[in-house]
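One structure is given here, and the rest of the page talks about it.
In this document, chain identifiers A, B, C and D correspond to the written order of the chains, with residue numbering beginning at 1 in each.
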Amino acid sequence: MDVHAAHNAVTAAAPAFSSRPEDIAWFILLLPLLAAAGITLIVRRSNFLAATFSIAATVTAFVLSFVLFLMFGVGDAAAVTSPFAWLHAGELAVNLGVTVDKLSTLMLLVVTGVSALVQVYSVGYMHGDRSFPRFFIGLSLFTFSMLGIVLADNFVMMFLFWELVGVSSWLLIGFWYEKESAADAAKKAFLTNRLGDFGFLLGIIIIWAAAGTVNFAELSQKLGAHPDLLGSLASVAGLLVFMGAMGKSAQFPLHVWLPDAMEGPTPVSALIHAATMVAAGVYMLCRVFFLYQVETAWPAALAFFGSISALDIIGGIGAFTALLAALMAIQQNDIKRILAYSTLSQLGYMVMAVGCGGPDAAMYHLTTHAGFKALLFLGAGSVIHACHHEQDIWKMGGLRKLMPKTFLTFALGTAALAGLPPLSGFYSKDAVLLAALDNGHPVLFGLGVLIAAMTTFYMLRLVLVAFLGSGRSEAAGHAHESPGAMTWPLVILAVPSVMLAWVPLGDYLTHHFFTDHGHVHGHGSEVISFGATISAAFGLVNHILFEPFNHAPLPAFLGTGALIIGAWIAVTLYWNAERDPLPKLLGSFARGMRNRFYFDEIYEAIFIPLHDLVARLADWFDRWVVGGLAVRGAHGSTELLGRALRIVQSGNLQTYTFFFVAGVALVVLIALK
Amino acid sequence: MPALTDLLFYGFAGLALLFGFLCVANPLSRNPVTSAMFLVLTICSLAGLFVLLNAFFLAAVQVLVYAGAVMVLFLFVIMLLDLKEEERRKLNKVALGAGTVAVAVIAGILIRAVTSAKPAADKLVEGTTKPLGRILFTEYLLPFEILSLLLLVAMVGVILLSKKELK
Amino acid sequence: MSLTPGLHHFLVVSALLFSLGLLGVLARRNLLVIYMGLELMLNAANLALVAFSRFNANLNGQVMVFFIITVAAAEVAVGLALIVALYRKRQSAHVEDLTSLKL
Amino acid sequence: MSPLTSLLLTPFLGALLIAIVPGNYRVVHRALALFTGLLMLLQALVIFAGFQGGGTGLQFEQFAEWIPSVGLNYHVGVDGLNVGLVLMAAIVSFAAICAAWEVERQVKLFYLLLLLTTGGAIGAFISLDLFFLYFFNELALVPTFLMIGIWGRGEQRNYATFQITLYLTLGALVALTGLIALYVTSGVNTLDVVALKAVLAEKPLAESAQKLIFPLLLLGFGTLVGLWPFHSWAAPGYAAAPTPTAMMHAGVLKKVGLYVLIRVAWPFMPVGVQEWLPALALLCLGNILYCGWVAMRQRDLALLLGNSSLAHMGFCFLGLASLSVVGITGVVLIMAAHGLLAALSFALNGYLHTRCGTTDMDKLGGLLRQMPFIGTAIVMAFMAGCGLPGFANFPGELSVMFGAWKTLPWFVVAAAWGGLVIGGVYMLRAIRAVVHGPAKADFNHVGDANYWRRLPFLVLLAALIWFGIRPDSLATSIQPVVAEIVKSAAPTQPTPAPAAVAATH
């Protein structure tokens, strides 16, 4: 693309900067950054002011997001951007712009909403921590980076914020950096993400090299016009970009960082690992979904893939991750780790949905999941806080009576995650299953149902063991309800967990993804304006609540059946259980599940040492061959020669004279010749 | 029948070489005093050769400066240092041999070079004081003055070096 | 080469005398004797210069000899002072003992 | 008088003043040096702000004939290529002068040498005459050898001093041979870069001459930059150097070699470039991957930083080898960014060394608790070092990788691995070892930097972040100049439009 044209476009857009409504998005993006900067520079010493700055910024961002949502999300306003020149070098033109459309406004709401609640919650949870303001700096920075991903209108900008999310999550996970395990977990998370980013960056470069632009809108347009634009690297580019998502969304085989990341404070886990960072991968896949609609093509070396498309591979990886993580979750005892694996599993679900060609379903599930998973994490945090940082569920028990608000909201979240109709989780899960079934992936559909059962099982296990029964430790016995700053966010989050699906969210997303291409699912093809939504919401409640059963009964009934089976097994095994009966029943398989199928051990035993070995070899080479043989060799041989010549320097005057005379004789001889 | 001057030349030349040899490699005595004495004799013989070459002024200077001043200095130093040790030291045969060889080579080369050169025109020049003084104070005035400076520097240097404490 | 002493004869004597001086420098161990050898070599050079002057019929060579004698006198004075100083420090005027130039 | 000339004269005048003040007025020396540094910084800022980007012409030019018989002139000027580098050099110099506060012995001499180095570096960047280019480079290098030798630290000090001196002198010698050969074979009696460019555009050098002279320049100046395998002077040299010297050398002087390559070797010898490009591409892998791996194994922070800086130089060479506008623009961006970053890293390393007495990562740890400011600065610097967006290195490395993809795809894969993964691994490990982990009692007495000592870090960080957020403030100036260079370096190879590429697939 012509650089000068782009540059002109930039300069042309500049004067209009403050006059366009979509530029509100810039404020949304920058508010958390301003908060972080303000805390760093001005109020670093005051806990109260730090929290106020941060929360005020995020809440304002949430309100603005809502305004933006009403303006652009609801209704059919086109996606609009206001570019700002960042880097122009030769044919590479990168302008920072924002995309404001249905997808990003919805995600803005999710991110700012959850972030605001988590921050309020943190005021209670982090009370008394000596680095309280630093925590809010980290949260604000993180929110800023995440909003950048959401709003990015091109690949480079997305990558930029992608990395920033990585580093701010590193800051948060390693918040208690004096704890060795936390510092290690932060490092691991960052490096695992880096592996994904490696692929992501290469994917971006391939796409740019072929299409000449990194802008999503232009790319989408070009790829729509020429589906073979990316040439033989089309599928490779798609997979490489997916590698980025693999890192952030913790998909197999880069999933190992997420459970370790639970070393961070619990609000961080809620923010990062439920609603935002891990969702970024899925969001990115949805944002660049046009990339996967091009013709499948493999370079000659990978021709054996044949007609298997990048999406098929993505779907497979998603399903595998979901299954693996669900299995691991069944045998965990740490309350946060159970939730972590559950997150992994649900992310696998979303990625599977994308792979099945249902980005709308993936986004739907992402949105609902953000709500109830944040709720679950915050609830877990409340429990941990109450039990004096005890995280083993087998040392809890009987918390139902001691912490009624936490229990109730936690139970609601569990039900939503398990997919109990008519809670939100049911509808989004149903959408995912439907996407698998509709697009001809019966195996994935079957796996999805199985995972749904397993989800119910391990979540119920958690609830039964931790909240019901009787207290198994002193800490659990003396637990008390958490302060209002912590319980109110739980209550607020319970609302969307229950009711989010009662607004026509699925249709909203379907509309976003598929109207352009003319094939529309379901009944939501009509343009929905906000006013109509409000009035329709009540009228349609009945219709919406039972829509899945009417519209596509198979996934709905199977999903509900899975729920019942999972719940039945869980209740049988864990009602009033004092010890976990599963290890006895499953033997070594349970041990495998508990030890996460030894992935960390395998990586630590094979890949990391392998890379270290290369480094060791290079270092050895540098020390002994370059530094030793070449450098010291040159210097050594010079020195040896010097030593040899030193023998001549006897210090005896007459020897010198002798040589002198010999030299003179030689010169005279030559001169006389 | 060779002229008297010719005989004188062979006489002085032979004496100079003989005394020179005895000065540096006296087989009977390795006493530096002996060497110094033979050096005086060599210089005197050379002065004779200078006279044969019509360099009367230089011959006088040679005797005055060398045989007089320089040799007195040498003798003073020899007395001052009381060098008895020389006698006890063993002669380094290897060094002597190598030295002799080197010297022989140099001598050979020089003599060959000298004899192979074309003889110069046999003109006469009087090296008396008057023409020498004239040229010295006209053409070579600057070097002459510099030389005086050199002597001054040497004097200062010697005084400094001979002070008891060298710092 | 005739027997009548010409330039060549003087030069041969000069060369031989020079060699004798060199022999002294190379073979003797006493610094003072070495010094005498050096004086011999200087005198040999003087002889050659005077001979050149005589046979080339100009006085430049003799002027040069005059300078050489003066410089030699200065040199002897300084050199002997050095030897004395060295002897005071090392209690020896023997070249074999003076090897501090060795590394 | 051009502002460039006054900028160039400032450090030398400062050095002169310091030389006049007697040795025991330490405070006066420090104040004078600081004032000189500040003055340079302000002048460089004025020049940078007054620079009109977007064109290829020279600005603030000054020309004075000196020795016409050999075509030797005083000719200074800036275009997009060096205006940012001059600013970077001034910023780093100022920071280095601030950091020189830690020097306790022979303060006067140290400031004198430091200002000479500074002046030499500035002179090398603004000179448009081959002689002065080389002269100022040497003028900057020689004092660094002295500084490492006299004020250096560590047991390996002497070895490192000798090594760096010999390596760099030899490299400079090879480069000098190349420059002389260029001067002689060009056949026009001029050392002026601008004049040479005009002449060589009309009448290029003979191909055989290009093929011989180009490697001389590449290896000569490459050694000054630390091109693999002539790199082993760098890490031990920086580890042994006193902080300001390491800052100046790693930050500024290393870039002079690259600058000369871009200014002279590439545009003047297109055939030579084509001939030696594959070799250069291979060698740059040595820097990116090999030095990265070596860095992973280091237990000493200074050695790690030295190797990491070599790895960054690998990106520069990759960009040069790409022979594309995007890539070489990226190289210049990295040069400016890495100058700031290397100076910052070594300043921090030096701070740790003076305060904690060691830079051994096994002995350090948990410093974020005891020194929050320095700890945060370390985190930021190291994050910038592994290519984090928001810092100036990122746009540069990004452009290099984008630019090199079309001609060297597998090298880009390796570079991405080196920059993102290997760089991430060693930097994160370093952060983990130095600032994270439980606080150690050994360092309880060690204080954080006071406000005055924070100045150099803050200046460098601010510049890093500014160029990270607004790379265009450099890139728009760089790009036209680079486009011209690429055009003259690859006249037979017009860069294909993206659409054409797509069509061929």
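Just so it is clear, contacts are C-beta pairs under 8 Å (C-beta built on N, C-alpha and C of every residue); 3 or more make two chains touch, one makes a residue touch a chain.
Treat the numbers as computed from the prediction; the structure is a model and nothing was measured.
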Any chain in contact with chain A as well as chain D: none
Chain occupying the middle, per Cα centroid: D
Rounded Å distance between chain A and chain C, as computed from the means of their C-alpha atoms: 94
Euclidean distance of C-alpha centroids - chain B vs chain C, Å: 6
Centroid distance [mean C-alpha coordinates] between chain D and chain C, Å: 61
Centroid distance [mean C-alpha coordinates] between chain D and chain B, Å: 67
Shared interface positions of chain B, touching two or more other chains: 95, 98-99, 102, 106, 110
Interface hub residues of chain A, defined as touching at least two other chains: 654, 658, 661
Residues within chain C bordering two or more other chains: 22, 26-27, 29
Interchain pairs in contact, sorted by label: A-B, A-C, A-D, B-C
Touch list for chain B against partner chain A, complex: 95, 98-99, 102, 105-106, 109-110, 113
In the complex with chain D, residue positions of chain A that touch it: 1, 85-92, 156, 159-161, 163-164, 167, 174, 177-180, 183-184, 186-187, 190-191, 194-195, 197-198, 201-202, 205-206, 208-213, 226, 228-233, 611-612, 614-619, 621-622, 626-627, 630-631, 635
Residues of chain A defined as touching chain B within the complex: 654, 658, 661-662, 664-665, 668-669, 672
Of chain C, residues touching chain A in the complex: 22, 25-27, 29, 34, 95-96, 98-103
Contacting residues of chain C [partner chain B, same complex]: 1, 3-13, 15-24, 26-30, 32-33, 35-37, 39-40, 43, 46-47, 50-60, 62-63, 65-67, 69-78, 80-85, 87-89, 92-94
